[in-house]
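Handing you this structure, nothing more for now.
As written, the chains take the letters A, B and C, and residue 1 is the first residue of each chain.
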């Protein structure tokens, strides 16, 4: 059975700077892989290369065995890959429910059916379910721009799941979330991972978050994979400690 | 065949003028995301300042200086402070529309306050012909070409060899980083507007003798400048120069060899071809998809 | 009270529609002509609003599409063919041309469509002017007949005004449907945040192309009504100035707002009429007015209204948030 995500020797250069220098790894179905490393180690660039936001200078990316290197983000999304953003990107003028309907509508039917069919593309129930799951019920009709930061983060995550993705790449989901919500966010993500067998790759700086949520952790430094293994092993790995302290 | 050489030189001459205008246009876009749809009118207007000065009795050389000065004040400083600064933070488009309205306003003002008729304008270059390689070439074209090339060389020298010019280039490439490393970004942007004002004034002096001073002459010129800027690649000064020269030559040659009815179409066709087959322009850099 | 507030927009619309039907019955020929022109321009502006306000693309060819629609209608009706046929053909033609123009340009970069449409606008005008065997060249096409709708002749100003109004009504309903559909949501998404939209599977290129093609088709529809309105067309009205005028209408009315084009067209058609007393200065004043309006509110007239409403909404939302916290945010 092929891995959900296979990254082979991906490289990315910007002029003279090599941001990603030959990274290879696999992610199996149902896994939650954490991606950590000091600032500037290439995590976000790697993400963007996988997601089609940037075209890799070399190497290959495969999703469920299909090569997807250099495909556009919208095409990748329709193949079952979605993401959350480090800098919040909800649609502030739309209501919470509308945001979720938007997030799922491109996966329903064809262009034509979406023009002549129902205004909500039949997604109101699914959206309400998602709202319930992330406990945003009382905010369902509020414009997303009026939500608090933490609430918007939840919405962002919810949007990523509306399309029923196989693989979700989360970019610093815990960033800026106040501590009282963090454990609940973690719990919700773990629940969705279990219930839908969704595979995650999570970039995070919050060590405690990563170590407790992820089944495996990959450490990057200077554009390369420094270490890969279970959270406990990584925590004790001297090279990893060095990479963080040495910065 | 003697025609061809004369046409080429004339084409390069008008092309060099287009290049000046296109460079100013590109600089404004690069440093401050301003698309100036009134650029053609900016070239048309200084000639009228100069004509007014001469009517008031000033000698030609003084009128030119006055024209350049007024251009810098109104089309450089005034334009930036009154139109660009208030609107820029709201995005590229409202400002672009405002410059469209500005173009109309300037055109109508000239038509109303000066005249709807074309007025002659003295040339800096003597009339007559010179002999090159045994062929007759108009002195006007040679003179204009020489002066325009001088202006372009001067500008390139300023941009590449002076510290000021390099700072401006830094601002054009990445204003945020430029600010961080201590470049006075706002002052540099103002400088770009002033330089544009000088460029259009110089272009005005060079081109008005040929096409006469008329309120409507900005339209064709403005269009030529846009096309030159795009053809050359919207993000490179060198490209704007190359684009301008190319458009000038193509325009002149097509006037001679293609029916005048569709002459205006030729630069447009060139534009579409470039966009289709060479989207970053002749010399431009391909823009990455941004994160 | 909340119940009543919900019905306010409907009541308002009904009142406006009623006024548009009843009040002009007392207008003279010229007044009806101006109002019919307003209706026509609103249709073209609505198309441009779709391209620009919803999909975020600048088109400088909307005037050319109006011209294509007008010439199609003029040619067909002066040869005895029905206006409805011209309408269908114009829609298909403009949609197809829009698609053809947009497809390569959008492969490239965001703002290049503006320049391709600029080129097309010039080319179209040249064709209108030069190909006299088809278009009558600078002499144009005259004696364009007015259609018979369900057997009623519309040669007089008031009946034809109702034709224009009816067309505007139909177009408005179609646009309303479009904006409410998932397509409308996708358009809005690609205007607000194309990167996020892409990450959600919205094929931004295809939707942008669709918006541009549909918008162009609406330009054609406006042209099909314009020809029998003026009953004489020549190339002059369909040059770049019309495209720029339409662009201004959209921006001044409020780009991206559903009723923006209605207001913008009203200003563009009525304001010059009022300013005409100033004779030679009226265009300058118009230009100055547009510049000042844009400096004051770059989001147009409806933008001002929207800002006002948004401020009230955020104040209400903060109050609500302060009152009820989410189930997660319980005080520890």
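Note that in this section a residue touches a chain if its C-beta (ideal position, glycine included) is under 8 Å from a C-beta of that chain, and two chains touch if they have at least 3 such contacts.
What you see is a predicted model, and the numbers here were worked out from it, not measured in a lab.
When each chain is reduced to the mean of its CA atoms, the one lying nearest the mean of all protein CA atoms is C. With chains reduced to the mean position of their C-alpha atoms, the one farthest from chain B is A.
Annotation: 40 Å between the Cα-based centres of chain A and chain C. With each centre defined as the average position of its C-alpha atoms, the distance from chain A to chain B rounds to 48 Å.
Between chain B and chain C, the centres computed from C-alpha atoms are 33 Å apart. In chain A, the positions touching at least two other chains are 53.
Multi-chain contact residues of chain C, defined as those touching 2 or more other chains: 195. Contact with two or more other chains is made by residues 291 of chain B. Contact residues on chain A toward chain C in their complex (touch as defined above): 51, 53, 72-75, 77-78, 82-83, 85, 89-94, 98, 101-103, 105-108, 111, 114-117, 119-121, 135-136, 138-139, 142-143, 145-148, 150-151, 154, 159, 162-163, 178, 180-181, 184.
Chain B meets chain C in the complex at residues 83, 86-87, 90-91, 93-98, 100-102, 104-105, 108-109, 111-112, 223, 226-227, 230, 261-262, 264-265, 268-269, 271-272, 275-276, 279, 287, 290-291. Within the complex formed with chain A, the chain C residues making contact are 178, 180-183, 185-186, 188-189, 192-193, 195-204, 206, 210, 313-314, 317-318, 320-321, 324, 326-330, 332. On the side of chain C, the complex with chain B involves touching residues 52, 58, 104-105, 107-109, 112, 115-116, 118-120, 122-123, 126, 129-130, 195, 244, 247-248, 251, 255, 280-281, 283-284, 286-288, 290-291, 294-295, 298-299.
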